[in-house]
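Naming follows writing order (A, B, C and D), and every chain is counted from residue 1.
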Amino acid sequence: MTELSATHFLLLSAALFIIGMVGVLTRRNILVIFMCIELMLNAVNVSLIGFAWELHQLTGQVFALFVIAIAAAEAVVGLGIVMALTRRADTVDIDELRQLRE
Amino acid sequence: MSLQVLIFSLLACVSILGALGVVIARNPVHSAIGLVLSFLNVAAIYLIARAEFLAVVQVIVYAGAVIVLVVFVTMLVHPDDLPEFHGRRPLRIVTGLVLGVALLLEVAAAVLTRSLSGAPGPWTDEAVAAVGGNTQALGQTLYSDYMLAIQLTALLLLAATIGAIVLARPEAVSERVAAARRTLTISLAHPRGLDQPERPPALPRPSDGQVKPAGSGRPIVLARSANEFTEQPAWGEWRTP
Amino acid sequence: MERTVDWLVVIPLAPLLAAVINFLFGKWWIRHRAHWIAVPAVGVSFLTSIVAAWTVLSRHERLHQPLYTWIRAGEFHVPVELVADQLTVVMLLVVTGVSFLVHVYSIGYMHHDPGYYRFFAWLPLFVFSMVMLVLANNFLVLFVFWEAVGLCSYLLIGFWFRRRSAAEAAKKAFVVNRIGDFGFALGIMLLFTSLRTLDYHAVFEAIPQLSSGTVTAIALLLFTGAIGKSAQLPLFVWLPDAMEGPTPVSALIHAATMVTAGIFMVARAHPIFLASPIALWVVAVIGALTAFVAATIATTQFDIKRVVAYSTVSQLGYMALALGVGAWIPAMFHLLTHAFFKALLFLGSGAVMHAMHDELDMRRMGGLKRWMPLTYWTFVIGAAANAGIVPLAGFWSKDEILVGAWVGGAPLLALVGLVAAFFTALYMFRAVFLTFHGQPRFDPHELHPHDPPATMAVPLVILAIGAAVTGFLGVPPETGWIHHALEPVFESATHHKVSLSLTLGMALASTLVALAGLWTAHAAYVRGTISPAAVAERLGPLYRLAANGWYFDVFYQRSVVRPLDAAANWLWRTVDVGIIDGAVNGSARIVALTAQMWRRLQTGLVANYALAIALGTVLLVGIYLAFGSTLFR
Amino acid sequence: MDWQRLLVSYFVGFVLLNVLLGLMAYMTWFERRVLARMQHRVGPNRTGPFGLLQPIADGIKLLAKEDIVPANADRLVFLVAPLLSFALAPLGAAVIPFGESLHLFGLEIPLLVADINVAVLYVLALGSIGVYGIILGGYASGNRYSLLGALRSTAQVISYELVLGLSLVGVFILAGSFSLQDILREQQRVLVIGPLTLPNWYILSQPLAFALFLIAAVAETNRAPFDLPEAETELVAGYFTEYSGFRFSFYFLAEYINMIVVSLLAGTLFVGGIDGPFADGVWWLALKALFFLFFYVWLRATLPRFRYDQLMGLAWKVLLPLALLNIGLTGLVRLWGIGAL
């Protein structure tokens, strides 16, 4: 553990990912859940970068770039849905949004 | 412990603290601040891993655009009273925590007992420096090996943009058209647009305007040409119901 | 002699560009200026055609321009190449010339139509397709543009598609043409499988190698296509209905150009037909019968456009008769003169309709001569040319066909032609007298008929001059200008010696017949010495036979359309709804029943779903660590 | 780790920061004087010669004022937000090259704080983080006007940042690098076209990009005529309505520092930075930056404020397409090898 290695990155990635996951599982505000999902995506990027650095590869960075682009797209659409939801149901509490049941 | 590990640990700790802040904070804006903090530290960690371009992109896109958007929407959704509903579901919190700890233990076990095995790639620090830096190296890889992926991503972003615009539009034109259809009957008065080959017997020619009440009180709109009501609407006004 | 040039492509390209531009920008931008694009384009095409014709006819050389290779698959090799020989340039002149006049006429005729730009997109598109059909150098390209003109015809018949009858007529034309085209396509395939080439020259050179049975089959199949396109006997039913389209379309497509594509194709492929006497005989008989049947039907119609349409069918029959008896040049000669006088008749009736506010029934016209002198005189010239009155165009060409039939070994068919000529004169002048003479049978206070505006009048006058003088291209008979011009194309065809006495005798006979028809019409509709009603009464079943178009439509309706309808209905109600839908719905019902049991899991709470995902992840990773990895071993 | 280098960088950064702070103070004086002359007034002229001590007096006044926190404010965020704005503002200057390296005491002292590969993107990233100062400040005030001002400002800054970034892509394509030093080096080349000898400044090859950059930069720094977030007539004072004392001055000063940094950046990116006739040097950059600063003031004195929808419409419907057009054209030119000139 004296030299920086991919293990450090992986541990950080795991920690961030699991914090994000716990957030998704426990929070009720759809916006916070949204942020937690971003956190999980970001955690994946950390591990990708760590591998890329350790293995002298650029593939990891390329994939991280795509993840960022997709996260941006997801954010745009997700927030659009949130806007439409609040306009229609006037709430951001996922426990009150039960249309998926029908 | 080398300086590198020290800096890394420092940044990682702050990053994890920020992430915890996201989950724990009762106010979504505070969550967002925690998230930005976490992201900025992760960007700094990217710098350690010699991914300068990604670090900057991380800041610009994640911190600068995505989270700003989230904060923006947070404020738009309920500008006055941001809802604070954390929990009131103790069972769910406990389950979530248990699952999280379990997964953390599993992953940590897997990571710590393993070492990375894999052939090192060609992009050593010297190789990266030879093409001019991380950005140039990344660019060369992106626009040669990942050309199709880049184009698909561009397409995805375009689709997302359109989707977001459609989702966020306040009122659809089609609803207005449908509302008009419920109250109006559109009839074609052009002789060549009719079913019968003969000319119709003296159609009412409203001289005082276009709308004339019919028998049941429903107004009839007389079209002056066959295309008047079938013309494509102008760009941007059309949306399929 | 053959010469490669690079300007031949202008002839099809100009109208194509016009069509594309009008189609793309017409609706929003060009709108009522559409003719400023279409008319000059067709004009350019016409001028280029004149240059091409002059070059070909004066220097006796063929022009050709290779464009590109369309298909290259093994030995199947289809180059797109434009070729202009004597036959082609005559057709080109007819097509582009009449098209140009009709385009000009349409400016006035379609003036207030909401689909103005659409009209001026499809009309040039038709010109393009027709020109390409004529310029093609192999059967496949010919077939492609054969279909393309069919498509344009469909689009333009159904131009006022909001009118049910127009939509139906377009559909009918399309379906009936498909039957003929099916045979045509089979013929081309047979040609390719037996000769491995579709190029005109190669095919014609290789024809003698084939057995007579194959050649007959090929020729008959090709002629099936001509039957459909040129409205010959069993398949002529679509052409009268095609009059639902705008009148300029009727004039251009359904009189002057597209319907003659079948005649042109047979003339083009004359080496194949020459190799098969049976096929020639079939062509001649069908042609003669068509000429006769259509002429009798035309005599009983009251819709002015239908009269002219049946007249077209009849004249196409004459052309087919000429082809069948080996009188190739007279057939093309008649095609040329017919294009002029029939386009003139259609445009004239269009002018009448224009004046009468879309009235088509001749029983509600009459006495129009007083208000529309120009239309009247041009119409009379067209009618007389059609009827074969000396010295107008129709007389010379029709006479030559009859002479050709007489010496070509089919005197009986020549007699049928003579009888049809009597009816031709009768119906033509019946139309003239009913429309323009006598007392008006409409309210002159409500309608104010008048001669059309200049854009419509000028084409009428030009066509009238053409209808009057084009006949002299074939004077003196058998050695006229047109004969010399087309000689090189048909040099393989056998030539009959025609004696002067026969020519004169036939001319005298046909003139007498035409005058008899004229006299009958005059007696019936002007002087009233013969009562048409009484004649119809006397003839009874025969009259009804003719008036109902020899019951062809009824026959098709009963024998083809209704059984097909019934079969489709049965397939729908029994097979589709009963069996297929039943199976699908049944399985869906089973799924629905099971789903009812599962739906309790569906709480609608996203949090629960997320929890399930997380649980699954934890379990999967745990299972992997425990059993898949070496962690605990 | 090269401790010596780190120390030198630190020292340069320290000097630069102090120079910037001083400049920023005198920028307020400069603006007031110039504005006054343009409006036929005199401007501050009482405190010291030509009113030169006015900024110092203002600073003392602001620091001495009471720091008020509204009752329903989000206290922590309210206190931190202006610091964020102020702290981020001068960081941009770290990557701007002020000249070749200097040799002092046997040491090689580079005249820039950090030469990083992605310098320009770094400045843009700082700009995007800077938004938080505004939006959090507006939100934390617990005041509707502040929130609205913050929302407007955020939307504006994000939109114009997009234009800003895209307008620079043309420069990146020509220079082949994000590094400001590389861009500067490219511009120091001499361009010979026939009888003409021109500097290879990007204002000549990228005039459209330069115009877009200038407009977007003005909007990015919330200056007139794009100073919507602080529109007094509509929003009282926008996101810093509730701020007073030195926290208010932080916002105020951050704006001026941003102006200076953007001017320096414009000078470096488009008009050759330290490159100039006679002798290259930091004075040329200073002169160019001064011109841009004057331009800012000039705009404020001349143009009325935009309406909000016009402002956003301008960004998305005019500037963004133009920027994309510029990128496409530049790319094509580069592809066809004309860019090798």
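Some points to look at:
Rule of thumb we're sticking to: a residue touches a chain if its C-beta (ideal position, glycine included) is under 8 Å from a C-beta of that chain, and two chains touch if they have at least 3 such contacts.
Remember, it's a predicted structure, so these values are computed and weren't measured experimentally.
This structure's chain pair with the greatest number of C-beta contacts is A-B. The central chain here, found by comparing per-chain C-alpha centres with the mean of all protein C-alpha atoms, is B. Set against the Cα centre of chain A, the chain with the most distant centre is C.
One inter-chain figure worth recording: chain B and chain C are separated by 56 Å, centre to centre, where each centre is the mean of the chain's CA atoms. Rounded to a whole number, the gap between the C-alpha centres of chain A and chain B is 14 angstrom. Averaged C-alpha coordinates put the centre of chain C at 73 Å from the centre of chain D.
As a whole-number value, the distance joining the C-alpha centres of chain A and chain C reads 66 Å. Residue positions of chain A with contacts to 2 or more other chains are 21, 25, 28, 95.
For chain D, residues touching at least two other chains: there are none. Residue positions 53, 57, 65, 76, 89, 92, 95-96, 99-100, 103, 107, 134 of chain B are each in touch with at least two other chains. Working note: touching chain pairs come out as A-B, A-C, B-C, B-D.
Taken in their complex, chain B has these residues touching chain C: 89, 92, 95-96, 99-100, 102-103, 106-107, 109-110, 113, 188, 190-195, 197, 199, 225-227, 232. Within the complex, the chain B residues that touch chain D are 3, 27, 29-30, 33, 36, 40, 52-53, 55-57, 59-60, 63-65, 68, 71-72, 75-76, 79, 132-136. For chain C in complex with chain B, the touching residues are 27, 113-115, 160, 162-165, 357-358, 360, 607, 611, 614-615, 617-618, 621-622, 625, 629, 631.
The touching residues of chain A, when paired with chain B in their complex, are 1-12, 14-16, 18-23, 25-29, 31-32, 34-36, 38-39, 42, 45-46, 49-59, 61-62, 64-66, 68-77, 79-84, 86-87, 92-93, 95. Put simply, chain D touches chain B in their complex at residues 1, 74, 77, 116-118, 121-122, 124-125, 127-129, 131-132, 135-136, 139, 144, 147, 150-151, 154-155, 158, 161, 165, 176-179.
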